[in-house]
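Labels run A, B, C, D, E and F following the written order; every chain starts at residue 1.
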């Protein structure tokens, strides 16, 4: 694969994202796990639905960030979280940025900027998408637990999966994480 | 299932959309076919990427329409196209609207309005999403043909699948359909 | 799809029923769920095995009813139970009847009559098949629970799933439901 | 597994047949191949639909034979055709009969008799089911070829797959095989 | 299928082993169960890793035995354990040997000898592979239990699955079985 | 995941390799593609069968190399080939080596040495395994093409996939590649 020559090349390549399963679930035995495309759609929906309740947020911009946030996985794959440990600091991010530059070649440069913004967590919008990325993760984990598939207990013990409102203090995100944990305790 | 009581109920239910395969592919033997969630993401991406090239379009609004356009399938399923023939005129649309009212209960009423707009094709934004919905269909069909899966030839012969620019004359959509057909002829 | 022109068209179309998963399981996260074809075979087997123990029943006729009872799903899909709520009363039944008229076109009219009989619950044979339809459902639910797949608890709380002998008082059906519940309590 | 103690044990065990794929397709690379349950249902449908057009046939009896004809695969599995070559003559048939005696223990002895009748091809009804068993095979093969899955060409060259009417001269079976080959030639 | 004429025929046929799922898991509802190829690789790895800790063992020879130990399943399928009960004593072993003679035709005769050695448990190396075959079974069972898939409890109650060191007294195998049971008790 | 504390931890983790599909096939639409475990087994078999015909090769050592050659994918995943382009030269190899040090922690240090030998292509045995790795790739590609799954034509045009005998001149490898191409031309 090369840089995409045309918009149609890009659209064709994007269809492949449906066949990239989320590695965190695969490695823990979830049957028929979520694809990267599916994850991306759910994050986008959260951003839209919760963004409207977060004062001062540019929701359209956050939606655009959500739309592109995982596209590097088309070229890099969905690396298991543990994989980062074995690469030099920053190598994975740099690889993703390089891959994105090729994937998004037929789009205006602004698209690539949105991706950089996400990677660097440079704006409240980027950080809001990151929080929704984790919220979607834990929502799916609860669904899989109800369905009886996968060994997913450790996700609940990892504080990185619960950014809550983070430094920006997004109250609606915090509320949702609390509701989610309550729902799990109820069984 | 009832009207969703809370945002969290809605988000939990939405995860199920990943398990609803697109019936048009299932009935034609495609292996591991696209889910409704995946289709929805790709349509949204097209709307975003092509909307910026379509003068006068409110792209944010079109993205929001794309986000909700297939959610009724959570409650109704993805009915085969032929199914409409056996219901009274308008029954399927009415059922979808009723289902959406329950699914989207925890969101502001505006969300339901976006859905009605799409169903009625009431605005250029709604019609643009409909065109992108078909464009995504035919992009995926070409990908499946390249992968050797499914008996999909009849899709190319159905004029309903090629809205081109439609009455609004969206040139970028028309160009993409042409490029797609050219790509198929090349093999 | 049109009315089937020939018997061979009908037989070819019927193969597709293997790719239609039962929506009740799909929506509750069962991995690799039963197809409509598989469900139909098991219902037929129950009708045959239990019919012989039900005095006064025309077992051959009941088997024929079981054979056709779910074929409309070829054209309509397997609508989630909740879907009925959103259609006008009787619309789903009417759609199924209309679809069946086309599907069964190459068979003698008697076949369509068997389907109507089932839909209306017009005879003890039709009601016996309906009871076996639910019995098969709950047998499969127990099997899936043993296999650890799906969130299926609510099925046990829904009285519609336990027609027992119904107004006809089929004692063998009643006994089987009791045995099934006992087996579940034993774990 | 032992002899089934009760009818419920039998019904529970039968559900497993849905997870036994037809080995002929597995070994030739068909994606998501037919289960033994699915095959059995389609054979039964053929017997019912074509039996009514075959003068002098006891269709009910033929349907019962079709219902039990493949149940031994619950205990033996669906052995690849080539496997028979490596067992002493008659060993596979004897094994199937012994397995069936245990599987069908809770049913009246008549059920086991139907199975013996099929194995020995002792009656026109048994031979009719065998012919429909092959007809279903070739119908599915054509469907898979249209779907682009599996390397199935050799099935069309094996005369054992085309019993036509056989010694009993079932004209409707012969006609269907001819129609099927014609359909394949048309592409 | 015939005896393989050339090495390439053999290598092509072996690829099919990936599509033969282990029947013990299929029959107990494991989702996406291990293939025979996967099982074979894990047994080989155990033999290599544990063989080095077993004094006096010819590890290379044991690895070679592990490599061929399940290849007959290409032609015979992976018969459910219960199937043996229905065949004459020794028929299954004889069938496997006959199948192997054809499968391995393009390899030096020595290969077939390794298989006979395994079947007869004629050497410490053959018995070591048999012990590792069971150890791999129970490791996978524990993994599946953690993943929540399949009804596998009975495997832990079957003494045949725990050969421990057997008559040869392989202490490292015994230790692993103990560690495995301890890990399961910990949950 | 950390360094494995015990042999049992290692064996448990290795089972996950069955759920890591080979990314080259996933990205080209192969249905139900080969797992890394399956690939590894086939490479090992080739090394064993062809190694015996390659004068001067230490076949046992080559088998050991084949056994460990892809284990880093447990921690890194099976990166698409194109991914390497986006990392600094050598970063992927270094990451794999670091991951392997943790995965193989409970084994004697010799195991890690075998892996380094493979990565560096330091010995004829390592280079022989690399040639067999490609040979297995192209054998599987031919099998998938026969099965009608995936868009795999470009594999035949990539000279990297045909190391033939390489600098060591392994004639048996060269012969097999030739036989494979001839087989494909025959169709």
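We adopt the following convention: a residue touches a chain if its C-beta (ideal position, glycine included) is under 8 Å from a C-beta of that chain, and two chains touch if they have at least 3 such contacts.
Here the structure is a predicted model, which is why all the values come from computation and not from measurement.
Among the remaining chains, those touching chain E as well as chain F are A, D. Chains that touch both chain D and chain F: B, E. When chain centres are defined as mean Cα coordinates, D lies farthest from chain A.
For chain B, the chain whose average C-alpha position is most distant is E.
Chain pairs B-C and A-B differ in how many C-beta pairs they share in contact, with the greater number at A-B. Mean C-alpha positions place chain B and chain F at a centre distance of 41 Å. Chain B and chain E, compared by their mean Cα positions, are separated by 48 Å.
In chain C, the residues touching two or more other chains are 16, 19, 29, 31-32, 143, 148-149.
Chain pairs recorded as touching, per the definition above, are A-B, A-C, A-E, A-F, B-C, B-D, B-F, C-D, C-E, D-E, D-F, E-F. Chain C meets chain D in the complex at residues 6-8, 10-12, 14-16, 18-19, 32, 34-35, 37-38, 40-42, 44-46, 48-50, 52, 60, 63-64, 67, 107-108, 139-140, 142-143, 176, 179-180, 183.
Every residue of chain E that touches chain C in the complex is listed here, in rising order: 28-32, 148-151. The touching residues of chain E, counted against chain A in their complex, run 31-32, 143-144, 146-149. Chain contact summary for the complex, chain C toward chain B: residues 1, 16, 19-20, 23, 26-27, 29, 75-80, 82-83, 85-88, 91, 94-96, 98-99.
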